[in-house]
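As written, the chains take the letters A, B, C and D, and residue 1 is the first residue of each chain.
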Amino acid sequence: MQIVFILSMAVIATGMYACISSRNIIKIIIGLGIANYGVNLFLVQLGYKAGAIAPIFTHAQSLPMVLPTPQALTLTNIVISFATTALMLSVSLFIHKKTGSLDIKEVGGLKE
Amino acid sequence: MWWITLIEIAVFPIVAILLGLLLLGIDRKVAARMQRRVGPPILQPFYDVRKLFIKDTVIPKKSTWIFDFMPLLSVVSLFIIILYLPFMGLSPVLHGDMVFILYLLILPSLAKVLGGISSGSPYAAVGSQREITNMMGYEFPLVTIIFFMSWKLFSFGVAKPFSVASFTSGVMWAGLGTLGIAGALLLLFVMLLVIAGELSRPPFDVSSAGEEIAGGITAEYSGRNLGLFYIADALKLIVLTTLVVVLFFPFGISGFLGIGGWFALIADSIFYFIKVLLLMIFSETVLKTSVSRLKVTQLVNAYWGSLLMLSLLGIFIIFIDMVLS
Amino acid sequence: MTGLLMHLPAISIALPLFSAFLFQLLGRHKKAKHILAISSITVLELMLILQLFHVASAGNSIYVFGSETPVVQLPSSYGIPIRISFQVDMFNAFLSVLTSSVMLLVIIFSLNSLKEDVGKFYVILMLMLTGMLGLLFTNDLFNLFVFLEILSLSTGIMVMYKANKFSVEAGFKYLVISSLSGLLFLLGVGFIYAQYGMLNISVLASIISIGLIEKIALGFMVVSLFLKSGIAPMHMWLPDAYGEAPEYSVLGVAMATLTCSYAFIRLLFVFSVGELGTLLILGGLLSAIIGSTMSLIQKNVNRLFGYLALAEIGFIVTAIGCGLISTESNLVFSTVSGGLFHMLNDVIDLGILFFISGIAIRIKNSKELDNLSGFGDNKILAVFFILAMFAVSGIPPMNGFLSKLIIYESTFAVSPLIPIILMISSIIILSSLVKVFYSIFNGKSNKKVPLNMMVVLFAAVIAMLVITLFPDAVINNLIKPVTDALITKSEYRSIVGV
Amino acid sequence: METYAGFWHVEWFLTAFIILFFITWLIKSLGDKKYKSGIQEDIFLSGHQEKEYSDYIGSENLYWGFKESLRRYYSLMKKMHNGIISEYIFWFYISILIVLTFITFGVI
């Protein structure tokens, strides 16, 4: 149980590290995506019970079920992160068209 | 009773103008005496103002309507401050808040700056941005001292530590050891320099530097407007010296001499006039004749650097004194 | 009538969403879209004002989604409140009225600035409004995350609405910042859910015992909201977003930032986490200093006002921080009421400044301070700008001075250093506004100011003058109940009888 | 309006303002009546005025004195606001660390 928790924290940490260390906009978006997967993993494992089955009620065997709420949270978070990533990718497309490069140093036009 | 305050509201400003112009005259006379020259007559400022009011008022083509309105606003705001301060040793006409007075002190120089920048001349523009830099500079030590004093009143348990009445109640300097007096003198020294800055007197007169920017803010002003700015300068002298009197010497003489009624009023006002006169002489006449002008960059360093450190040192000494006693 | 009042929280979210959907059906009829936008927001505003009066008289009202009767106490079959619920108290009712009136003014202000893409603009504006109202009313942590994301996405698109090189970059930064903050907020929510298995704020607030896990969870949640409301070390995106947003809807973006600051104020007070007060004060002072000093050297007028907004957020956050730290009750009350009163004044004063700069940019169609001059002969605009300048920098008798007076004279009891720094930064704000005055109101040009912009400006100035002339009335029957609603947490917690 | 440590009365300020505004306007009207109002003159320039007005003092070099005296502070600010997104996010991580250490160790 603790291992999954530590793993998800590690995934979040790598995603966040990717955001600050990469110089390319696409890599920042990928970093954000990875961090989002980390949070999803953390949310899903919250409701985990050993030996329990997925919380689907139709034709369910009479075994204990896993907690459904965190999975609902994860579903919504996946949808939201999908929308955000799609929007950011289209924006980076636009940035490339306007400034001709994806490097955050050239793109960083708004100085002090 | 309220009509008495209305009369006071109308009378006090006129008295303040006369007193201010008189003080300016004395200031120029003493400065001249210090440089071993005769100097203009004491009533010279009155003649200056009369001359200015007779002259034509020239309004430059490029200036906007604000150019003509701002001298008025500058004088009105100074009149209002006088009502909130214990002018002539009497209790203030209207009860005000120290933070309110601090902010209202900005209005006259702000009006002067707005008038300057809308006068269209580049000299006035440079002069007014120097005046704003000067204003940003001297606010720091001024605000530090006043907030420390009200915090001191607050630690003494005064109900409304920010109101002017609690400043003049004399609780401030009640229990002061020798260390406290040294700290208070240091704060007084910083306050005198800050007042010289607010009046843009020589060491800090970057905004109306005659030589560099041809008369600074009031380069384009003439006639009535310049007369009003002259009156505003005199009023500001009165207001600031009264502020120092409130902060550092709030005690009256009549209680000490034990005379009552009308004589007490006269004695108080004379004592007030002496206090104001001495403060003016030490704060800017001495400075005017001994120190030359600072550059704009040195100005902010002087305020935010050395003067601020001095005031913090004074505050620290007083704090130790409070802890000891 | 009571039926409508009962469903008001849900309607206030549904109406903007539904009208956002309707815009697509109207096709190319620009006139119809304008009418729909204005009418839907006015109806919404009237309902929210109605709700404000209802809450003022009848106390908090709750709305539980998906249960038989919306106002019933949560079914406690499992002992865990499962459904998502909205709770409306004086604080968020007051802010919702403020938000919707700001959005109404923004819509009227941008009536003739929109070329052909009218529908797109209104859809984004309506989504922003939905996000803001949802963020204000929600009583559920995860629901707060969802509305935070809706608000962030739509505000990000609004920032890059002008689609030029700089605004796209500012928008991209806004989106990256928002998704990062949403991510960490969700992490905090996850921790709370792991510990208590429930997400309802008022129930959590009544049973939470602040341990290590709760502290870390609240830390994550609150920091990500600090980032979204632009507090000091994490503020760099704010001037970019305000500088590059379209000049007629930049006030909407400012309102989005203030709504995020509502979110963390609500969380801090409901979960009564006192430790963060010192940090809030440090962050507030730092943003006041950075905001004012950086606004001195700006060349783009909206970017300069962005730094002013940052400094104003610094004032509000310092006051709230002092409220969190201090224990003596009327000190807490006066600091928090100073902060909230300043929030109201700040929205109005910055609104006037943004409207005037919007007018100047629209006529001169350039954002640089140097080529905005030419309004020297426009008397009304100059008077309004001077009044707004006095108000923002707190010169008596304007409304900014009232709230700053309350803030100075209450935070000084916490430590005299705080009002000193705040006062210095408000003097520097004054000088940067003099710089804007110098570059806009000089020289003569007989350009006519469009009517709808003047109407909006008049409305904002009238609101400022009302507060200036009747401070006691505004404080006693608006700011006082709002502060009580925020500070006395008992009613907020006990609404959900578990 | 009562605040925690002070007070503010709008009505006194406004009455004083109106009365004194009238008095000052009277003082101003003491001035020379005969003067031809609005004598439009050119501004005083030691040399020939060739440039348009606003080219003289652009908004860029206002407050040169203030910027010059706080030179180190402003260079630090320029480095801090350099427009690179990963720097901004880095500041966010620093703030997370500060807040978390602050809140866990309960330093008031």
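Methods note: a residue touches a chain if its C-beta (ideal position, glycine included) is under 8 Å from a C-beta of that chain, and two chains touch if they have at least 3 such contacts.
This one's a predicted model, so the numbers in the text were calculated from it and none came from an experiment.
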| item | value |
| --- | --- |
| Label of the chain whose CA centroid is most distant from the centroid of subunit B | A |
| Geometric centre distance via CA averages, subunit C-subunit B, whole Å | 40 |
| Geometric centre distance via CA averages, subunit C-subunit A, whole Å | 28 |
| Rounded Å distance, subunit C centre to subunit D centre (Cα mean) | 23 |
| Intercentroid distance (Cα basis), subunit D paired with subunit A, Å | 44 |
| Residues within subunit C bordering two or more other chains | 172, 176, 180, 239-240, 294, 297, 396, 401, 405, 409, 412-413, 431, 435, 438, 442-443 |
| Where subunit D touches two or more other chains, by residue | 5-6, 8, 13, 17, 53, 62-63, 66, 70, 77, 81, 83, 85, 89 |
| For subunit A, residues contacting two or more additional chains | 16, 19, 28, 108-110, 112 |
| Chain pairs that touch, as defined at the top of this document | A-C, A-D, B-C, B-D, C-D |
| Touching residues (chain side subunit B, partner subunit C) in the complex | 62, 64-66, 97, 99-100, 102-104, 106-107, 110, 113-114, 117-118, 120, 125, 128-129, 132-133, 135-136, 139-140, 143-144, 147-148, 150-151, 154, 162 |
| Subunit C to subunit B touching residues, read off their complex | 376-377, 379, 382, 386, 394-396, 401, 405, 408-409, 412-413, 416, 419-420, 423-424, 427-428, 430-431, 434-435, 437-438, 441-444 |
| Complex contact set, residues of subunit A against subunit D | 16, 19-23, 28, 104-105, 108-112 |
| Footprint of subunit D on subunit B - complex, ascending | 6, 9-10, 13-14, 53-63, 71-72, 75-76, 79-80, 83, 94-95, 97-100, 119-123, 125-126, 129-130, 132-133, 136, 150, 154, 160-163, 206, 214, 219-220, 223-224, 227-228, 231, 295-301, 304 |
| Touching residues on subunit C, where the partner in the complex is subunit D | 172-173, 176-177, 180-181, 184, 212, 215-216, 218-220, 222-223, 226-227, 233-234, 236-237, 239-240, 273-279, 290, 293-294, 296-297, 299, 325, 330-331, 334-335, 338, 369-371, 373, 396-397, 401-402, 405-406, 409-410, 412-413, 431, 435-436, 438-439, 442-443, 468-469, 471-472, 475 |
